[in-house]
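Heads up, there are several structures right after this.
Each of the next two complexes has subunit A plus one other chain: subunit B in the first, subunit C in the second.
The block that comes next holds the complex of A and B.
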């Protein structure tokens, strides 16, 4: 190549075709949830693709908690997220979920997420005990349904989640020190004023 | 960073005829009320296709846009500028990830998008097909190309597709640092030595035409925006976006004592609109179709990166996970 950048010119020639790509690159999909501040609920932030849960966690940290305050992060395989029907207007998604049976199994714990405003993120509503995701939805209806319309509910089995450990919380301690990534660190006003005054003279 | 508007596919008048009229009316009413469309909602095929195209091009622009600036990281003047530029370039690549995810919710896999980028099938913003000769070119991108991108992105963040809007909210928040950093760099060049001033003036001369191209062809020649505006896929015409950029940044460029290389550039006090020499849209077309000074290099760098990363992806391959469409 004939680039202005000598490093680009040093790149090796690639003799084999890179396209069409083999399907091996298609990593799994993982949903990412972030707690922006201590005491605030977790909220859905987006996805990463990764070959396993552990790498999904590492990639999620880079993609979603690089710039803004964060106290905790977790990831889960998208296939482990159980979803209710999406509703709109004054229709509550909980009305499409059945009441729990009287003798419900409480084998596992599930994290329940609510979409309270269309267009916004799903936010953590609480934890329920149930045997299956369907039963978890039913439990959530019993525990969390209010007059407020909820458009979509997610239920995630707690055991399937890769949480942040206590030691890992240190990951975000240095975020406030990295001022060079804040707009507020680039105050050019004084320099500009001085320059403009000099220009007028 | 992204210049929008220019690359929608032509809309055939019959493409809406096959849609269910009741569903279409409901869909349009929802947008009219200012509600967002979510991945599980019904949407016309045309809406889906145009959004995939737009978000995908935006993602490619971020990933390719990291290259002309990235090349200056090792040569940025001083430790602070290096740190900032590195963080900025990392942000751009991060934005590509967010945008690819948003496009995936519409049903096109990331694999396919990367494939379409490196084979040259998909487009990205024209502006990144020009070289960064000096540090001042890099400063021009950081300040003014990002400024143009923010004009587009802030508008698009009010669009109708939920996942795209959420990605853009995050991107815009991160980019406020880019803009301030870029302006800071240019103020330092402007108030520096005669040589530094000259360096930025030369960069400005080189970049003005690509910057005017950035917002896409003039409304006079760019048709098919009406339905996209009604569906809030496109939030302003190309000329409106260009005018907004000129309104915000021409005074700031003049304030620093630089000359914009267009003798006809002035604001019409009656219409409140900027007047300028019509950009060369033939040049624009030539560059978008692969004829720009750096098209080949940009794609080649991506292609090499793809090939060199292959062994890593192969080593990580696992059948315990599976690609599925993201939820939101």
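The block that comes next holds the complex of A and C.
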């Protein structure tokens, strides 16, 4: 794919082998994952640019959890996110994941993310033990593949993630009170109606 | 006692409002989109915290928050001079953010034990916001304080510039003994001692050199309404829209 529109060139290729997700240009990018409610799975929210992992965490907090409820957040360097081939229609990405040649040995743990609908966010599916990202994908296929079509799988080594600590959970303490940050909280229509009624009288 | 308590609330509220306004001047001009959002958001937090404090004052018989924020003149404000200084370069704003927010977080932390219940409750409520503000400040100072010769020398220069004003945060109040005896607040000296330990511990993790405080002369006066020439223009700008129609409902 080669286009004058950079966004087109960034679209993922179909049927590529398991490979690291490519970062965008500028400062390094970091992937941001948010847990919207206690007990809900983490979901991918987007990226931030930052000089390192810790600053990525700090900047992600305000960039992505200013408005909607949030109980926890984590970030990881884009280069540590391994992605499976992107598929569409009724093709399941798990069918395109190659069995890694080497046998699964002593494991690190990997977080597995599923894309269940094109255009939606990747959502946490579970954790697997594996030696390499490729093995983690194969392991995920064994554990998480069902009849439901998955279009893309991400594998992220757990140790590479900057998690929210127990004490940091209080970062979102006053968020529920900040409804005014939501555009929907400003009842513009009501105010206009009130104003017009006043004008007519 | 009410007089002593009001003095404490006024200086805290004014600090938050003025620094919140100053920091919001970076909105749209931050050095990085994500940082612009974060810094603006914290500025908004500060203005919100000032509103909470003005509301406590209102319940103690003072005017309503808008009147207090928008109709007083510079000599009626009790903020320290540090928070009213112009932004200059981003390194200065970051250093001020670091020096002020460390003190602010420690002040509210102490106030969670205050015998004045409404203030203790407020301090409890906003502790998450303050945790974020200090996390943000410390992370940037540690990053830029170790990054390049330029970033280190810029921060060092700003640190030396801001330090005399930062000591003005702890300008003693005539009611210190009264507040301490009543268990309302531990006092400015105790706060400054804790602040210094925190500031030192962060600076030690960087290439920054914290000047010996014994040879730094504090810039005082803010708490008694003696301000720099920079406060009145800030107030004029901040209240510009309010003064067009003070009775307007938003």
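By definition in this document, the second predicted complex is superposed on the first by the 147 of 201 C-alpha atoms of A that agree within 3 Å, B and C clash if a C-alpha of one lies under 4 Å from a C-alpha of the other, contacts with A are read in each partner's own complex, and residues count from 1 in each chain.
By definition in this document, contacts are C-beta pairs under 8 Å (C-beta built on N, C-alpha and C of every residue); 3 or more make two chains touch, one makes a residue touch a chain.
The model shown is predicted, which means the values in this text are computed figures rather than measured ones.
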Touching A:14 in the superposition: subunit B (first), subunit C (second), both, neither? first
Of the two partner chains, subunit B (first) and subunit C (second), which one does A:119 touch, if any: first, second, both, or neither? first
Look at A:27 in the shared chain and tell me whether it touches subunit B only, subunit C only, both, or neither; answer first, second, both or neither. both
Could you say whether A:62 touches subunit B, subunit C, both of them, or neither, answering first, second, both or neither? both
Larger residue footprint on subunit A, choosing between subunit B and subunit C, goes to B
One more residue to check, A:5. First (subunit B), second (subunit C), both or neither? first
When the two structures are overlaid on chain A, which partner does A:199 contact: first (subunit B), second (subunit C), both, or neither? first
In the overlaid three-chain picture, which partner chain does A:50 touch, first (subunit B) or second (subunit C), both, or neither? both
Tell me the contact category for A:172 with respect to subunit B and subunit C: first, second, both or neither. second
With both complexes superposed on chain A, which partner does A:159 reach: first (subunit B), second (subunit C), both or neither? neither
Once the two structures are fitted together, what part of subunit A is touched by subunit B and by subunit C alike? 27, 48-52, 55, 62-63, 66
Sort out for me which residues of subunit B touch subunit A in the complex. 30, 35-36, 38, 40-41, 71, 74, 80, 83-84, 87, 90-91, 94, 97-98, 101, 104, 109-111, 114-115, 118-119, 131-133, 162, 165-167, 173-174, 176-177, 179-181, 183-184, 187-188, 190-191, 255-257, 296-297, 300-301, 303-304, 306-308, 310, 313-314, 316-318, 320-328
How about subunit C: which of its residues touch subunit A in the complex? 32-35, 37-38, 41-42, 125-129, 131-132, 135-136, 139-140, 143, 147
Considering the complex alone, what residue numbers of subunit A touch subunit B? 1-5, 7-8, 11-12, 14, 16, 18-21, 23-29, 31, 44, 46-52, 55, 62-63, 66-68, 77-79, 81, 83, 86, 88, 118-122, 154, 178, 180-188, 191-192, 194-196, 198-199
What residues on subunit A touch subunit C, complex-wise? 27, 48-52, 54-55, 58-63, 66, 167-168, 170-174
